[in-house]
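Below, chain A partners chain B and then partners chain C, in two separate complexes.
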Partner chain A sequence: MNHTTIGQAQVDRPTARLSLAYVWVAYAAFGLAALAGMLQGMVRGGLVELPSWTNYYQILTAHGVLMALIFTTYFIIGFLLSGVAKTTGGSLHGTARGLGWTGWVLMTVGTAMAVVTIVTNDASVLYTFYAPLKASPYFYIGAALLVVGSWFGGFAIFSSYRKWRRENRGKLSPLFVYMSVTTFVLWLIATVPVAVEVLFQLIPWSLGWTPSINVMLSRTLFWFFGHPLVYFWLMPAYIAWYVCVPRVIGGHVFSDSLARLAFISLLLFSMPVGFHHQLMEPGISAGWKMIHVILTLIVVVPSLMTAFSMFATFETTGRKKGGVGLFGWFKKLPWSDVRFFAPFVGMLFFIPAGAGGIINASNQMNAVVHNTIFVTGHFHITVGAAVALTFFGVSYWLIPVLTGRTLTRTANRMGMVQTVFWSVGMFLMSFAMHYLGLQGTPRRTDYTTYMDHPLALGWMDYQRVMAFGGGLLFVAAVLLILILGYLTFYAPKGKTEYPIAETEAEQHTPRILERWPVWVGVLLFLIVMAYGIPIADQLTHNPPGSPPIRTW
Partner chain B sequence: METRTDTQRQMDKAKKPQPESQNLKGTFIAVLLVGAIILLSWFGVFGLFLGRA
Partner chain C sequence: MHLHRYEKIWLSLGAGGLALFIVLLCVNAFAMGMAPPSNMEMIDPAKVTETPPFDNPGLKKLSDNEYDAYMTAFAFGFAPNKMEVPVGSKVNFHVTSPDVVHGFQIPGTNVNFMVMPGHINSASYTFDKPGEYLILCNEYCGAGHQVMATTIIVK
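What follows is the complex of A and B.
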């Protein structure tokens, strides 16, 4: 009864064009960001000096904004729109496509505004754009357009979902669609506070309409958004892990209910937790921080459910292929298929990434790692490895699906090489970052020897390891763009499968998992509980406020 | 120790079919390893915290 059969339809041309438009802006941003990242590594390692017309913080901002905000958001919308089309009959209807294109235009205008202000050195405020650092108002307006545009991507998914439910009354939605809707429910709610910060605090203040800004409030609103942002990156990667990778390896979804429950848990517990990014800040009492830390640690549960589910899928599939003994199934997985290999390496990176996340979120230990390069290492193995490698693995089949081409054996082999370069580069760079961070090396600082202090001089070897890792990552990025260009324009025409797995047998999934008013209600309750009083405090005990500061 | 007849064993087997595909021992060990990595990392950094406090 709950089993939804997915047709054989691929993705129709108009939807493919829309999805491809998103994916290629994502990779254009990715290429520029990779260049900026490589330069940063070289500067920090003391290997090069930047020319006088640019500076470390400018390229750091470019890297962060283009990689963390532009690449991810565009790729996620392009990927999810294609998957929703695939699992609801092969196309998006006119309204959904219209919403999708409206979003693309708004986001692209916003991105252009942000990029221009970064290039003209009017927005070197890093990707968190913390006040009281002040960027050009056009940077904030661009950021607002990016966010609003991304909402339209979400509306396109909701619109397809509504249409599907009208036409399939009483049926459980396809897992891919359900997960996409959950991801965008999270995104729509999570982006409201940052929209409030940008529209009511940053833009008027940067235009000079208001003389000062409540820094505490702006940071609270930012992290109200900033943590679920991490889950907005992760959940589409999880979609690929739960739904696409099992099909690639010739297996099935291990448990439909478990997958849906994990997503609902991620929705509920990724939001009321932002204070774990503000543990070292004054102005928030220890009690409220403790509540956020407890809610943060609950997110461990759906993450471990995901780990269990992935291993279970691999083991059941490997055993069916003849794997015996405790780990014999492991050898039966398709190790030479980049569509599996890249996301699998991403999953491996997620194990230390998750462990590091628990360390960051533990109040006392946050004191050890706060504002050190440990944190940079942590989010590079989270978004830069677990998420990025999954997105690369998806791109290797998604682009051929969208262009009606095939992933050739050579392209697959090159993809394997690319994955190895990226993984080794990321391992070296992030290992050095974690190690240095535990010694107290600060993040977000230009090259310096702190007046040749022996302690800082001792960091230099590891900073060169970071630079070497960054170099490997850049090579991998160039290789990736070349392969994706080949898959878009030159690969032989043919039919490529859009991998969507189903459960092996009919499973009973509790219907309550799809009752959105219940879950959105619980989420709003958690948000009010976790943020209501602290934000009211920050508004009523308003500090004097800060005038804008331009440090560069 | 309990002695069971072949029939009893067969009946038990019939009640709880255990196909090879549902053997999840490897998964169990793998998630325990993930848990061990998390605990080791956490206590490692907690040790650093205590050492510096």
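What follows is the complex of A and C.
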């Protein structure tokens, strides 16, 4: 089972070039977004004022779009394509590469269109683009190209998977491939509603072809996509946790079947749940909201499974390295290896994040935190810390693999420093955000004291803490880009391992886990159950629609 | 499929706790009447200012200590912009929007809901303590979103 990888190509040149193209667009977007993020913190803390040629909501739109949509999607496709190549023999075949490049081009054209409209201040609608705020049609067309382009990334993965299955009849697919396929099954289905919203509602309406828009329906379609979107960010981080991190620490995959089961559960319970983002909205009955809340909370089970698997792997590996006693194994983990340390800190952030998620999703507690900056604090520790730190940890080995270079000791040490800055910054900023949110501070709001209302004045100290955290984060972001630039262009040539762990002994994995028609069928059934009646209702029983409005 | 014994315990505790939590949420929402604001009433967003009672936003006294507050949320303010009720009053807020989506939040209370064009949303609160309560918009609605606020005076 334990195969040596020395001497064998990790990922061939053409695939590496494709993957690197995705990863670097991701980090370019990330760098710009980090600058915007730091400014947001400073503005809200009352430390700086933006120059007159820009405004808070413009940079906030840039930050949300570039971080949540561009950075994540590009990184995920780049990472998964490389891992699928690695685990199916070291390369993507021509068709898959062609699909991958097609996707990259479509996405990049779409991104450019969206960025230009944001820069010209014609799209200050934030990354959720809620109607009836109307952005330039090019913003929506850009978004559509981004989504459609990302499908091609998925097609590339499916095509490699099909080829592998043809050539390895009767065998269980590699875990990395299986998880990537699940992630993209989720993405392909989840993006259909937002594509419908953009293509059939927003684009015709923004072009003036239709006079008004069904606002409720547009929001329902958006959040039908919006929740699986967050799982789409999370699942690649889980892939790194389940498959790559164990190898980095010299261990094994704890349980192949549990890993697959966790992914199938994430897939099934990602979609019939969007109303938990609409709990405070009129026009959706309390009963339907409760159904979505219950289905949302089921995610607790695969999350607990993941937590168990991670710590089981850490303990087993630590003990093999001679750790004794209740916690002796803990000390044996490679704490000074950034490839382990960064994702590990990410996992730690995920523990309070899970608790925060339960609060957000519970329909009564949501009234306390809805649209307050508590929510922003929540997703900065989920996607901004747990997922982002994992992506950073992956980048520290992935880029050297792709460029045929090595992560030097110094680069590793700089990576450790970067991780500490990011973690402390995120801790301070998110802590302040959670605290402020509980006091009622709204999210998505420029500097304000509400005409010196004492309550709002009392928020200012913590808004400065937020700003300070944002400053540390920005330093960490710059450091990260410098290190990744070094790893791309200057680090010494050499062999770097693409860490893929295997199970210690042959394990029996139930074959049903790989019967896609079954799972897609169950998923479609759940979607129809959860959304069929409410959407039919919104289509037939709706108030007069809204005309396009520009309020900025 | 093999499950480790500790994992079985861990998952059973987790799933059991989760089930209990869900039961509590349901009891709280449906038996104790604390379901989230989910008003199903609709209105033509283009005709808000002509449609009673929103043509004349303000407090309507129901009894000595209960009021209906009919309000509109628009870019960038609330109408009426001044309200006053005695301590101990229960106020039922009913809010709609003639333009984009807004939020309606009174920090320090559990009043927090979305205001959408075409819909009326509602929540109630009993003001037991005197003070000048801040009402703010917590959904981005445009360039002046940060100034969109009003107060309700309780004395």
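Basically, the second predicted complex is superposed on the first by the 543 of 552 C-alpha atoms of A that agree within 3 Å, B and C clash if a C-alpha of one lies under 4 Å from a C-alpha of the other, contacts with A are read in each partner's own complex, and residues count from 1 in each chain.
The working rule: a residue touches a chain if its C-beta (ideal position, glycine included) is under 8 Å from a C-beta of that chain, and two chains touch if they have at least 3 such contacts.
Keep in mind that what you see is a predicted model, and the values were worked out from it rather than measured.
Of the two partner chains placed by superposition, only chain B is touched by A:I351; chain C is not. Judged by the touch definition given at the top, the superposed model places A:L539 against neither chain B nor chain C. Within the superposed three-chain arrangement, the count of touched residues of chain A is higher for C, of the candidates chain B and chain C.
In the superposition on chain A, A:L304 makes contact with both chain B and chain C. Once the two complexes are overlaid on the shared chain, A:A312 sits against chain B and chain C alike. Once the two complexes are laid over each other on the shared chain, residue contacts for A:V522 go to neither chain B nor chain C.
By the document's definition of touching, both partners, chain B and chain C, reach A:S362. Of the two partner chains placed by superposition, only chain B is touched by A:L326; chain C is not. Looking at the shared chain after the overlay, A:E281 reaches chain C, while chain B stays out of its contact range. Within chain A, the residues touched by chain B in the first complex and by chain C in the second are 304, 308, 312, 358, 362, 364, 367-368.
Listed in rising order, the residues of chain B touching chain A in the complex are 20-27, 29-31, 34-35, 37-38, 41-42, 45-46, 48-49, 52.
Here chain A touches chain C in the complex through residues 55-57, 124, 126, 130, 132-133, 215-216, 255, 257-258, 261, 278-286, 289-290, 293-294, 297-298, 300-301, 304-305, 308, 312, 358, 362-364, 366-368, 370-372, 439-448, 450-451, 453, 455-456, 507-510, 542-547, 549-552, going by the rule given at the top. For chain C in complex with chain A, the residues that touch the partner chain are 1-4, 6-7, 10-11, 14-15, 18, 21-22, 25-26, 28-30, 34-46, 75-76, 99-101, 103, 105-108, 110-114, 116-122, 132, 134, 136-147, 149, 151.
Considering their complex, residues 304, 307-308, 311-312, 314-316, 319-320, 326-327, 329-330, 351-352, 354-356, 358-359, 362, 364-365, 367-369, 438, 504 of chain A touch chain B.
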